[in-house]
Amino acid sequence: MTAQLDTYPQAVRDAVARTREVVSALHAELPRWGLVVWTAGNVSQRVVVDPAAGPGEHDLLVIKPSGVTYDELTPEAMVVCDLDGELVDGERSPSSDTAAHAYVYRNMPEVGGVVHTHSTYATAWAARGEEVPCVLTMMADEFGGPIPIGPFALIGDDSIGRGIVETLRGSRSPAVLMRNHGPFTIGKDAKAAVKAAVMCEEVARTIHVARQLGEPLPIAQADVDSLYDRYQNVYGR
Amino acid sequence: MTAQLDTYPQAVRDAVARTREVVSALHAELPRWGLVVWTAGNVSQRVVVDPAAGPGEHDLLVIKPSGVTYDELTPEAMVVCDLDGELVDGERSPSSDTAAHAYVYRNMPEVGGVVHTHSTYATAWAARGEEVPCVLTMMADEFGGPIPIGPFALIGDDSIGRGIVETLRGSRSPAVLMRNHGPFTIGKDAKAAVKAAVMCEEVARTIHVARQLGEPLPIAQADVDSLYDRYQNVYGR
Amino acid sequence: MTAQLDTYPQAVRDAVARTREVVSALHAELPRWGLVVWTAGNVSQRVVVDPAAGPGEHDLLVIKPSGVTYDELTPEAMVVCDLDGELVDGERSPSSDTAAHAYVYRNMPEVGGVVHTHSTYATAWAARGEEVPCVLTMMADEFGGPIPIGPFALIGDDSIGRGIVETLRGSRSPAVLMRNHGPFTIGKDAKAAVKAAVMCEEVARTIHVARQLGEPLPIAQADVDSLYDRYQNVYGR
Amino acid sequence: MTAQLDTYPQAVRDAVARTREVVSALHAELPRWGLVVWTAGNVSQRVVVDPAAGPGEHDLLVIKPSGVTYDELTPEAMVVCDLDGELVDGERSPSSDTAAHAYVYRNMPEVGGVVHTHSTYATAWAARGEEVPCVLTMMADEFGGPIPIGPFALIGDDSIGRGIVETLRGSRSPAVLMRNHGPFTIGKDAKAAVKAAVMCEEVARTIHVARQLGEPLPIAQADVDSLYDRYQNVYGR
């Protein structure tokens, strides 16, 4: 634990406290929807202070500590890091995936939340290095096309983060399947990224099951575009 | 929220209150039986006033609000619409599938409940555009034959509702698999439609599993007819 | 409801009360292990009075009422029938499968419990009319060989019961997969029959999964015999 | 029950009491992660007294009693055996797999916990006698290569234990799939062995699903080595 957080303004410390609550509560959604086992998986959210607070408001993230079970997750157990992934506050080490989360926040300013799981069906597509084709209307709504495959990357430097960012920049999809690894999802906040993780596994599973007995029927690109546009704009997401 | 419900007779408002309770409670069956994730899926029921109340008694429905999680569903959160899908009472927007439910109620007066899910196995058959064959006695009991495929239809007008009604009018089945989309089920009330949604996924899953390792044995049409007749009449459904 | 139970000796009525408790509690195991949806499935147990009570002690069974959900099952809700399947005590109709249970009790005096489900994997093998091969040591322990297929039979007379009895008499297995229908299991009491239903689905699922990617390795008949003998005798079942 | 435990020093009896708590609590993880049904599966842990206690500190193990359901497992219900598998303390018989656990403790002094399950996907690979290939980064982390297959072995002597030990001695993997039987896992304590059992099923399932629709992409051996080394050393397991 460091006392570094004490050097931040009160407004930042308040925002950190709110973000710890949100991130802690959202972790419960991962086992609830069957996306993780044991201590796998992690959710993070960028710390957003009131816009009036000025510069510096976006330089922290809150994430799950490493190796802690889902029963032990409380707001206090969450870890605060800066956007280089360095520990700012917390009693435990940050998740070993923190560098990848931090890279995304540094390079995609519109992203406020990141989720990583090894959910079964999404990871199975990732193991084959095969994108999930867009053959369901709910997938057109949420993903606007296929869920793309990111590169194979080892943990330990910025390779995973760079693979996520480079793949998602060319895609409508909020999810990327890192090859031989598993899904990472993004959103305007952690809740949106968790929703994307849940929907990613749902469509990966359903389309896997469909393909076990034949080929799914395609949806015309114009229909995919129309569904995506309506869901993102008219429906108000 | 509108105050329009206040202009209805007390008997209608009482029936609305009872229907909110029923519809709210039945939503819990969807995650319980694994038919939905996140906020997906919806149950509606036609508001039925005492027959003595005369005309106008069937011009309302109660449905799930849009984008609300299954933990937040209470009778008060349910939304009341007329049979054109216009909001009559409720603090939130009705489900984006309300137009499809309303079309069914306008065009199938015998229907008192409608359910929509994206349950995995039923949706997988829908993705291939392939009806579920009737090869189980429990399926002959409940569906009286195959579960049919409805057309591909975009959200936003009456296309989905019309596809449901046109497909189910020529079928004993209370379930239709809308192509690339998912199942819609009907019943005399919402509970019957929920049961049909549960059974639809059950037979879609079991017959999928059977077909993974070979071809299921057919059931003779006379036996399907006999089972369906007994279950619907003798057994008293 | 009939008052017929009042004409039985007190010792029988006490045994009925104990059996209602057992059968009610065991029903909770069916949804717990994922063997049933909605109101499907049923457990029964023969009423066994103290041996000193003399003749007539084995002429009743306790079974689930028809169409009742798993949340509503209490000892009081259970139904008492004679071994012709006629109602002796209870506020509701007995399960529509009661005739099959009763036939088993009339014709297999060593059987004290019967369970019927439509559990997914067992029913999938039943849909193809294909016995489950004995390729797991736990299956050799419990079933002593393959799980056999029973004939196609319509509900409404003794066809299902006869199919169960004729198939199980020639088998070590306490489970039979009725063609296009699902599993029935037997045991010395209802708990043993529930265990057989749980294990039947477990081995049907595991061997299905094994066969999806190739052929399981066989177990030599002498090893199957040795495992079965040890588990049934040495292990003390 | 024997009074033999009373002849041990107080420090050993205290360590036994602590181990009973640990082993009892860890059994709840098996049904939680879907690894077992009914009374199947068992966890054991070597009794470790404070190093100051000197020789004899490693001659006991605590294991699940035979045929007890997961609802009935309490610290008091756990059974204490010596490393020949003979009962030292407990009201019930030890698990019929105790001989295999005891053989592992006698022959692998670095092992402090052993787990056995029949988890579905791991057992399916075991039924085909096919090792699980290492095609996921999480599998490289935890297993450092494939999960190997052990020999077919009958219960009743040291065959199973010997098969486990001989297979695991030549492998980085803490899990072995005993042919036609199921997985055994080891760890420095029971918690580590339970984690290995959970991860074994997770990778067996994910790679099974991946292979259903094609071949997973391989991971280069140097990358497997690098991931394993980092996870076991840098990450601090």
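Letters A, B, C and D name the chains as they come in the text, with residue numbers starting at 1 for each one.
Everything that follows uses one rule, which is that contacts are C-beta pairs under 8 Å (C-beta built on N, C-alpha and C of every residue); 3 or more make two chains touch, one makes a residue touch a chain.
Chains and their UniProt names: A, B, C, D = L-ribulose-5-phosphate 4-epimerase.
As the structure is a prediction and not an experimental result, all values here were calculated from the model.
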item	value
Angle of the C-alpha superposing rotation, subunit A to subunit B, to the nearest 5 degrees	90
Interface residue overlap between copies subunit A and subunit D, same or different (over half shared)	different
Whole-Å gap between the CA centroids of subunit C and subunit D	33
Euclidean distance of C-alpha centroids - subunit A vs subunit C, Å	47
Contacts with two or more other chains, residues of subunit D listed in rising order	212
Chain contact topology (line, ring, star, complete or other)	ring
Full enumeration of touching chain pairs	A-B, A-D, B-C, C-D
List of subunit B residues in touch with subunit A within their complex	37-38, 40, 66, 96, 118, 120-121, 123-125, 127-130, 152, 154-156, 179-182, 208, 211-212
Subunit A to subunit B touching residues, read off their complex	33, 135-138, 195, 198-199, 202, 205-207, 209-210, 212-217, 219, 223, 226-227, 230, 235
